[in-house]
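Shown next, in structure tokens, is the structure this report addresses.
Per-chain numbering from 1; labels A, B, C, D, E and F assigned in written order.
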Amino acid sequence: MAIVGQEKMKTALILAVINPALGGVLIRGEKGTAKSTAVRAMVELLPSQETVEGCVYSCDPFSPERWCDDCAAKYGKKTGDKRIIPIKNRRRPLIELPIGATEDRLLGSLNLEKAMTAGESVFEPGLLAQANRGILYVDEVNLLDDFLVDVLLDAAAMGRNFVEREGISVSHPALFTLIGTMNPEEGELRPQLLDRFGLCVEVKGLGDPKLREEVVKERLLFEENPEKYVFERSGKEKELGHRIEEAAERLPKVELTDLALTEAVNISLKLGVDGHRGDLTVIKTAMTLSAWKNKKIDTEMVVEAAELALPHRMRRKPFQDVDFNVKARLAEAEAG
Amino acid sequence: MAIVGQEKMKTALILAVINPALGGVLIRGEKGTAKSTAVRAMVELLPSQETVEGCVYSCDPFSPERWCDDCAAKYGKKTGDKRIIPIKNRRRPLIELPIGATEDRLLGSLNLEKAMTAGESVFEPGLLAQANRGILYVDEVNLLDDFLVDVLLDAAAMGRNFVEREGISVSHPALFTLIGTMNPEEGELRPQLLDRFGLCVEVKGLGDPKLREEVVKERLLFEENPEKYVFERSGKEKELGHRIEEAAERLPKVELTDLALTEAVNISLKLGVDGHRGDLTVIKTAMTLSAWKNKKIDTEMVVEAAELALPHRMRRKPFQDVDFNVKARLAEAEAG
Amino acid sequence: MAIVGQEKMKTALILAVINPALGGVLIRGEKGTAKSTAVRAMVELLPSQETVEGCVYSCDPFSPERWCDDCAAKYGKKTGDKRIIPIKNRRRPLIELPIGATEDRLLGSLNLEKAMTAGESVFEPGLLAQANRGILYVDEVNLLDDFLVDVLLDAAAMGRNFVEREGISVSHPALFTLIGTMNPEEGELRPQLLDRFGLCVEVKGLGDPKLREEVVKERLLFEENPEKYVFERSGKEKELGHRIEEAAERLPKVELTDLALTEAVNISLKLGVDGHRGDLTVIKTAMTLSAWKNKKIDTEMVVEAAELALPHRMRRKPFQDVDFNVKARLAEAEAG
Amino acid sequence: MAIVGQEKMKTALILAVINPALGGVLIRGEKGTAKSTAVRAMVELLPSQETVEGCVYSCDPFSPERWCDDCAAKYGKKTGDKRIIPIKNRRRPLIELPIGATEDRLLGSLNLEKAMTAGESVFEPGLLAQANRGILYVDEVNLLDDFLVDVLLDAAAMGRNFVEREGISVSHPALFTLIGTMNPEEGELRPQLLDRFGLCVEVKGLGDPKLREEVVKERLLFEENPEKYVFERSGKEKELGHRIEEAAERLPKVELTDLALTEAVNISLKLGVDGHRGDLTVIKTAMTLSAWKNKKIDTEMVVEAAELALPHRMRRKPFQDVDFNVKARLAEAEAG
Amino acid sequence: MAIVGQEKMKTALILAVINPALGGVLIRGEKGTAKSTAVRAMVELLPSQETVEGCVYSCDPFSPERWCDDCAAKYGKKTGDKRIIPIKNRRRPLIELPIGATEDRLLGSLNLEKAMTAGESVFEPGLLAQANRGILYVDEVNLLDDFLVDVLLDAAAMGRNFVEREGISVSHPALFTLIGTMNPEEGELRPQLLDRFGLCVEVKGLGDPKLREEVVKERLLFEENPEKYVFERSGKEKELGHRIEEAAERLPKVELTDLALTEAVNISLKLGVDGHRGDLTVIKTAMTLSAWKNKKIDTEMVVEAAELALPHRMRRKPFQDVDFNVKARLAEAEAG
Amino acid sequence: MAIVGQEKMKTALILAVINPALGGVLIRGEKGTAKSTAVRAMVELLPSQETVEGCVYSCDPFSPERWCDDCAAKYGKKTGDKRIIPIKNRRRPLIELPIGATEDRLLGSLNLEKAMTAGESVFEPGLLAQANRGILYVDEVNLLDDFLVDVLLDAAAMGRNFVEREGISVSHPALFTLIGTMNPEEGELRPQLLDRFGLCVEVKGLGDPKLREEVVKERLLFEENPEKYVFERSGKEKELGHRIEEAAERLPKVELTDLALTEAVNISLKLGVDGHRGDLTVIKTAMTLSAWKNKKIDTEMVVEAAELALPHRMRRKPFQDVDFNVKARLAEAEAG
């Protein structure tokens, strides 16, 4: 379904898909602001991808440096290897973490059945394995157990899932775009967890009656006949998916200018953002924007990146919630 | 048993049965206001329905797009398929969620017995499966664990139950009319959960002594001889059931006018309802009212719909409970 | 053992035995006020009853509409059926719910032994099954887990026990007189639970020294030789039991007058009792009183009924406990 | 070991042994006041008793009305039965409830071993079974789980242990003298539990240096050579044990005078003790005193009994602990 | 390693080893005050001991009155018995209770393996069994679960471990010197538990720079080459161990004078120590001091004993911690 | 990856690697200050090490006094022994404790599989075993369960892991450099745990824009091509690793001067550090600094050591966090 309005959220989602290394997106907003709908609509944008057939982690046949142990064992570690790798094309997966999913289901667990029958410990991959090279979506992430959020963010940061539990000591690739939504009325994330989300955007109910009517119409169209709706939109979306794919290809070639770097660090300093993770995310976001817009990096892009990467990292004033007005804060800092 | 007075509650229940996509009804009221009695009385109104014989989810033989995996496998996916589908007629089920029902029982679980004997994981469907195409009733929904409420509302919104737990990863159709009752004296639902109920009505003890006497008489009649009572009423009820059935058939053909849409969005804006879920539910409720009343949609219907769809979505004043006086709030907003 | 003084409690217990549909009695009182003794003394009053021999639920051979599934299967559903039903006479049971009884024991559970041996799930009935057609007594009901109280009251209201748990989905008749005692010093019941008890009486230590001496003497007599004591009293009690039996037979024929109904609703309105459950219980109590006293229903009986049925349903003043002075409140309401 | 001073505690313990129906003794006192020592010293006073040989509940061969089901089955229920009952003489047991004893161990449990081997549910009796016809001692009873205290007091009151748990539904005789000690600094018992202890005494550290020295000397003598100490004291103790035995035989023949009864009720009324349990315990205590002193019951005895039976039942003043100064309170009540 | 300074702690530890019946030592002090080091250094002082070979409780061959059931069964109960008892010499054990040790491990548990294989319940002794006739050391005893502390103190007081748990009902000798350390900054012990420790000393960081330097030097020497360090010190320590052994032999012959007893009781009374446990511990400590110093008991020894035995038993002033200034309190009491 | 700035942290980490007996390093800092990155970068500095091949604890072939029981059994206990010890060279391990690692996984546990198959209890070593002779890293150590922190610090202090749990009683070498990071905004460690960390440093976001830009550049370089980055840096790092190795070899020969010792104790006294652990750590740190700098120990080194070893041991002022300004506090103490 089309997302009406909400430009910042759309940009953040697109950038996070182009560059999973940004560390995910946290979408904050009041109830009923179509956060979940927007995320689900993202799936339809995703270009398909090639995977090693038969691999439970859906390894990328062309990135042997990220292969799982099984692929590495089967197809050799060097790129030049002559073995034939079976390839499968698939839709990029959207894994939704159900709010009651257990730790076992998320991380993977011992396959008890096989353990009993065959007498060997077999690792049963979990949702993090399924999410490899796709999107992992957590609705109401602030209600998730702190420990699970931590595990998610660890895996998102490292692109790997490490499991150290009774009888299991394994790791596997888990490179995914993490998307969380939350309603801050229902409780905040711990600062340490907040900071580890790459980007953070706020969605508000639209104020413009025309846009709101459009939202309702789109939704009704969709509900009336989802298949037809999807089919008709797929043209436009394929185009968007195509643009995302191209941007992802351009990304490794984006060049960072010293000016942009200086600007990014200056902004962080002005806003009182202490950690280096802020600086780094602003720069990486600006570079992804550059790939997306297919333009050289410039000061404006750095500011746009800062608006996505710094709100949840700025020091809060007492009794104040996360402040998304990055530009105002910047102006204030420059003035005062 | 006949429901005396309480017109709003009756309307809400009828609309929710005509259109399960409204997202359920939340009935709020003090103790002893016959909330449960009213809901149980609804069952007797429900027209019977045709189901695929032998299907644990009671799939609709004429809606192959909603079939469960088993039905899809057995009877083909295209409507034009020539295979013979066995059909069974049944009363529409009223599933009551007992307050101590476990998550396993609600969602379904692994059938351990079969798992042990046959060595394969077999999914044992739960109450959500039984509730498919019927009514799921939760008394004292505010006392239910937040997690279970969330699961219920998820399933109600999607019309499917997704189970991701130890050794199980299945989904099945679960399209039901969710009805919850609660006594706000005993604790409120979280705002996020409140918002996800489609309609919300308040029942109060009747103030009119004549009506109260009538309630008592009806109840005594019923208790004296339930079968006779039901038999005698069944005439009237069949008529009502018939009208509901006709309305459900008219629903897909109801036309939304731009005026009604504009009005719905305006009302939401005036009442400070932020999310789009409010707008959407007002419109869908108005359309269902139009089907029920067999009249074109008009402004009045939109206001009536707003009275059912918005009370629990309006911003509350400090120290104030959910405010059901939608019209007064509207007048206030227009004045001020 | 004879109950000295405490007329209201005695009336409430007698009415609840005559008419289990009243919804049970809640006896409130400070420690050491012989609440438990009184309840246990009730058992000796109960006339014996006929049951279907071999039925674990002790079904009534003459009420086929309430038979359990087994009886229904064995002896046909229509009263006119020719099959021979074996009948057994038994004392009406007093089931005491021990304060640590588990949910399994109360509701029934899977018989694991049989499940393992025979490979089939066999339902092992619990205390609710044993209590069918008898009395279920819960001492210190306010200390019981809210969930178990809820289950008890559900079963008491419906006359059936519904079990929905891992691997079990059964229901069976559970029509019993629920009697709970509590010391409000040790914590209150939730309003919703309070409301669902039919009648509510307060016992106080007797103020009259003569009565107190009599209590002690009776108790000493009993402790000295329980069997002799019971034997000697059984004459008087049989007479009382006989009167109860006769009242129960008269009950279905009691006629409700419009005047009484109007009076009952008026009293509820004056006392600010919102729910219909109050009205209904006053009327049913008055009708049971009429059967007990073998007189036509009159205004006085309605007031007497209100004194038993409304104290726990009146709105409480701030910082005030349940107020048993119904008449004073009525006078106040009429005056002011 | 001899108990130096602490006359009231000694009297209470002696009376509770003579008459287990008094409902046990609660000894309250600060740390280090030799409460436990005193209780353990009681054991040595107890005369031996005859039991049915081979009976796990140590039934009394001469009280067939209290026999366990096994004894009843084996030796017939009527006293005149001709079967030979094997008899064994034993020390009366002192069962100490270790603070971490589990519910299973206290009440008894399913014998899993036998259940598995023999395929039948066998009840494995617990400490309550061992305590039958002896003394059950709980140190720091206020730290015990409320539920276990309740179970203990239930069993003590009824002389039977009822077990209703997974797969078990049995009862057996459990007539014991319950003795609990507690340090009120470490938390109070709930009023309901307090009230259910028959007698209640307070021990304080002795103020008289000579007595304290004597306590130390006795203890050192004991520790130096416990066996010798016990042997030497056994003369005196046998005498005391003998007197206790004689008193127990006299007890059933004690006659209650109306004067004493009136006096007992008057005292309760003056002290504001509401429940009848107070009256009853005063009277029973006075009667046991009469048996112990081998004198007719008189007013003085009633007052002495009240001092043991009422302190924990008097209404407490705000912020005040249990008040053992019964006589002062009486005087106050008479004056004011 | 040598303990520098901290004379009171050293005395308390020595006395507790000479006379385990003193009831253990509680060492209180801030973090980093070498409490644990001091305790571990004690082990090296302990003279070796003779045990019954093959006995899991390491029974003393020469104290048949304390034998475990197995030894009693094997070697007869009377000392004059002719059977040959195999004897083994061993170091006296120091058992450290790891902060996470389970109840099972402490008390002993059912040996499941043997229970399954051999079909009999075999008791698997725990740490209390290993500690018999040795030292049981608990670091951070205030962080231990209250229940485990209680069990420890019970066993320490009785010299036996009673286990009453699922399927187990055994007791065995457990006579040990209990040593606990704690940092009061991290929470206090309950008064009842405090009181049950025999002696209580406070350690403070040394104020004298020279002593502190010495501590560091000793520690560095030890860490550099523990074996050499121990070897070199063993001469001095053997001497100390020898003196401890001699004192233990003298202890049973120490004579208590009436003067000392009077003095002990007077001190307790002056300090407001209520319980008799205080009196008794002062006297026993004074007697152990007399054995250690090989001098007749005198007033000075009683005061020294009081300084070790009473600080944790004196009534505390509001908001005040345990007060180790016993002499000042005494002077105050005498003055005021 | 290179660590930019943060000199104190780098020094602390280097010293802790040179001398594991310092007791670990605690790194405190706000979110996003690259604490984890710094620690991970340490691994690349570590020189490789020789281990006994086949030993699960990776024992050092040249330190037989620290061998595990298996190595001791296989290769004899005396150094002069003739048996051939197989030797393997390995990278020094960095074990990261995942925040959800269980106690079992940390300490080791019973190998159930082998226990069942072979009928013997086999100890399955945990992460502490893997960490032997390496680095154990705990991110967000303040969020770890107190009990696990305690166990970690115990093992770190003793160089051994003692496991006393159901059916297991083993110990094995566990000599590792413990490194913990924490963000004090998210909760403090208990004082007792704080004190047991050897060194403690604070990291802050860099204030210098140039340094911050450098951090970002380094990180981008690393992410772009980790293998190349590591390869290129490995030259510099090998040099650093080499210097660390040399320092570790010099360490045992460092001589402590009396002047340094006096200075260390004086500093502790001036700062009000009570425990001896502070003194000892200052001295050991100064000695390690001396080995690292290859200079004789001098006053300056002692002060530098105090800055690393005392901040978390100084008494805190009310409402104040750990104060890293050791020099200022010293000056203050000397002045005032």
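Rule of thumb we're sticking to: contacts are C-beta pairs under 8 Å (C-beta built on N, C-alpha and C of every residue); 3 or more make two chains touch, one makes a residue touch a chain.
Keep in mind the model is a prediction, meaning the values are calculated, not measured.
Here the chain-to-chain distance from chain C to chain F, counted in touching steps, is 3.
Residues touching across the chain C and chain D pair largely diverge in numbering: under half of the numbers involved belong to both copies. Among the other chains, the CA centroid farthest from that of chain D is the one of A.
The centroid of the Cα atoms in chain A and the matching centroid in chain E are 60 Å apart. In terms of their C-alpha centroids, the spacing between chain D and chain E amounts to 35 Å. Residues of chain B in contact with at least two other chains: none. Taken chain by chain, the contacts form a single closed ring in which each chain touches exactly two others.
Following neighbour contacts from chain A out to chain B and onward until the ring closes gives A, B, C, D, E, F. Residue ranges of chain F in contact with chain A, taken from their complex: 30-34, 96-102, 104-105, 109, 112-113, 117, 127, 140, 183, 185-186, 204-207, 209, 212-213, 215-217, 219-220, 223-224, 227. Here chain B touches chain A in the complex through residues 21, 65, 103, 115, 119, 121, 146-147, 150-151, 154, 162-167, 190-192, 195-196, 252, 256, 258, 261-262, 264-266, 268-269, 273-280, 283-284, 313, going by the rule given at the top.
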